[in-house]
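Same chain, two partners: subunit A is paired with subunit B first, then with subunit C.
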Partner chain A sequence: MTGVCEVYQRAERAVSRVVDGETVIVQPGQGMVSITNEVGSYVWDLLDGNRAVPRIVDDVCDAFDVERPRAQEDILAFIGELRTHQLIVPCATGCSHD
Partner chain B sequence: MAKQAGQECLTTVVGGISVRITSVDTSLLVRLIEYMDAEEMDIPIDVTLRVEQVGEAGSPEVLSLGASFSDCIEGENEYTAYLNHSGTSVLLLLHGEYPLEATMNCLRQVIRRRIYSEGGIVLHAACIRQGSDAYLFYGPSGAGKSTVCSFAAAGHVVLSDDLTCLKRKAGGWVCWGMPGVVRNPNPESTPVYTGTPLKAVIRLIQASTTKLAPLHKSLALASLMAVPFEDTRFDMGFGIMEKVNRLVEDVPCYSLHFRKDPEFWDVISQQIGQAS
Partner chain C sequence: MIDRAPEWSHDEDPYQRVLRKTYERRIPFTVHWELTYRCDWSCRHCYADRNGLANELTLDEITDVMNQLAAAGSLFLTFTGGDPLMRKDIREILSEANGRQFALRLMTNGARIDEAMANHLATLNLLGIDISLYAMTPEIHDAITGVSGSHAAVLRGLALCREHGLPLTIKCPLMQLNLKEYRPVADFAAQIGAGFVFDYLLIPTDADHHPMREIGLTDEQMYEFLRDKVSVEGGGRPEPPAPDDPVCGAGSNAVAVNPYGDVYPCLGYREKVGNIREQRFADIWSSPHLDQLHAARYRDYVNCQECAYISCCSRCPGISRAECGRPFDAAPTVCRVAAATKRAVDECLLRAVI
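Showing the complex of A and B:
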């Protein structure tokens, strides 16, 4: 379960590259892969261990034409996928970073 | 087998890299020649590998022998290999009971390092030559690399069933297998040690019917990066994602749904082989 107020950072060995407008995120050799669009790529860049999810939702809503409830739903789903594939790790909890 | 400085030696070429192996253990060299199907070659040598049977891993004797070298590969308790700075001179110290296996393992590691230092990559993938072109087959464990190799027929040369060396050359890619793997070599065709141009990269998916479809480059990159690497941390140090991305940019990528029969070769020949 991905918590709204958790803070995440990219896993140490996760690497990414943009190919034809999509961002490929992978743990090399581990079978852990995610391919995402422009918004996902933007979120990926924000997963630096300094921003809780609400802050990331704010940033995405500022950068893209999207309603906040929809943005939060999609971002939580994306973060859940990244966690499942061990491409990010939680580094703190709580909304004090906001 | 030839002689060099009083020691017997043999020469093999992998990934465009010529390696001369010397040892006082003639029986080991004979077994290596048989295992690798090595030929006598009078060519410039890129790497010399001197094999000695010495003590135990980490012993004072072994450590003193490696004192003048700049790099080391530890083969668990089977061997210790010392390399000079440029990787052109290797002292292989065997400690265990399996000198052939230890020498081959060390040779693969030395080749892999040279391939990376020369800008190439080594991927867990099967590679088969058909005519003058090579096809790279990859996928997760159990995807069918061995099955594809088992269906190699007349006109096919299995360059690799597991590890394939690739180097970029003139806007395309050239590939080789690791030593001791090549099957069905055709003596009348171009020797495999010169490298074979890569025609296509093919992701394997076992299915009930055979179907070949173009694979989007992002998915090709993702799935190639997901297959196991020999030493992920080492490989990443050589910017492997950049190189794999270059590979999928340069070479057409496909997804092959195939069932366990040789029909897929017809599909490949029709859809890729004739599309030049």
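Showing the complex of A and C:
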């Protein structure tokens, strides 16, 4: 379960490169995955261990002019997928980071 | 947001799709970098040119080129040689590469991996370490390397890597000398949890260096080896390439750099297209010669279109250039391999029908 107030950072072993707008991520021992659009790549960049999910949602809303409830739903689902693939790890809990 | 939700790739294996994309966009996604031609071994099949050893790129030059490669979109970076561990600054080079988010591999003979080096390697984020082991019989391995005791040294290196949990692959090029060692080395790799890669196509660099002709498997040995392999692993008849299929990624999404900064389309295609001491990488990468390679299609192998072995042919412009002087001629070595492969596949398919 992905908590709305958690702070995540990219897994230490995950390396990535933007290829023609697509973020390609390789994690030794786990193969390659990719994030295929601009919004996903933007969120990936924000998962630096310094922002809780609500701030990421705010940043995405500002950058892409989208409505907050839908943005939060989509971003939480996306973060859930990244967690499933062990590409991000929770590093703190609580929105006090913001 | 519906059409702008963060999108996750749902294809089972994005690797091939991303490779196609980097090919089409001409992104140098895969880099092989020969850091030095120095090596403790003198392997009989090795193509490394030992001339001009003193003029290797410095650490500063290497980090500058890494920056240029990262900016160009390179992700997979393999350091090879010679033995990269011969360089005194290898730890710094590896650490700098790690810091630039490359998916990093190291190819080494393993003989110089001691406790301190294994400790350092374990601090890095390595995709893999490829170590050369030619035989489980020490005398055969040492006969190929030309160095007595090299077998014991590589086994020590492998053991240390294993103790430190490093991701190992054992590489074993096959020649007449070590053909019978194939199974024992493969079993050993499985036993220590390492990957295993073999190859019977020994790369010629020019007419003067042709290990395949001198020490490579004979046609009959290749056929027998492939027949046994196909009969164990199975598989159907390979499809022939279409005339519009690209030939390979050399100069399109793959590139190679030598210890002195010369840039090649790939390790097997040894035609210098520039030097990174004289030009920025981006300028070399946009050279007309590479455009020509990128535009190459299978139909450019004019003499191969009606060949009976076409479905089993692993065409290689680098080998064609080394053997024939032109990248799209039928290279005798590649033809030999294709003929042996076709014969093995046909026999196994026939057996399956009977």
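List of remarks:
FYI, the second predicted complex is superposed on the first by the 94 of 98 C-alpha atoms of A that agree within 3 Å, B and C clash if a C-alpha of one lies under 4 Å from a C-alpha of the other, contacts with A are read in each partner's own complex, and residues count from 1 in each chain.
In the analysis below, a contact is a pair of C-beta atoms (placed from the backbone, for glycine too) under 8 Å apart; a residue touches a chain by one contact, two chains touch by 3 or more.
Because the structure is predicted, anything quoted here is derived from the model rather than measured.
Residue contacts after overlaying the shared chain place A:Leu87 against neither subunit B nor subunit C. In the superposition on chain A, no contact is made by A:Ala52 with either subunit B or subunit C.
With both structures placed on the common chain, the touch criterion links A:Val15 to subunit B and to subunit C.
By the touch criterion defined above, A:Val24 reaches both subunit B and subunit C. Contacts of A:Val7 after superposition on the shared chain: neither subunit B nor subunit C is touched.
Once the two complexes are laid over each other on the shared chain, residue contacts for A:Met32 go to subunit B and to subunit C alike.
Which of subunit B and subunit C touches more residues of subunit A: that partner is C.
Overlap of the subunit B and subunit C interfaces on subunit A comprises residues 13, 15, 17, 19-20, 22, 24, 26, 28-29, 31-35. Against subunit C, in their complex, subunit A makes its touches with residues 12-13, 15-20, 22, 24, 26, 28-29, 31-40, 42-43, 64, 66-67, 70-71, 74-75, 77-78, 81.
Subunit C contributes residues 1-2, 4-9, 13-15, 18, 21-22, 25, 27, 29, 70, 73-76, 101-103, 125-128, 167 to its touches with subunit A in the complex. Taken in their complex, subunit A has these residues touching subunit B: 13, 15, 17, 19-20, 22, 24, 26-35. Partner subunit A is touched in their complex by these residues of subunit B: 140, 216-219, 221-223, 225-229, 232-233, 235-236, 240-242, 245, 248.
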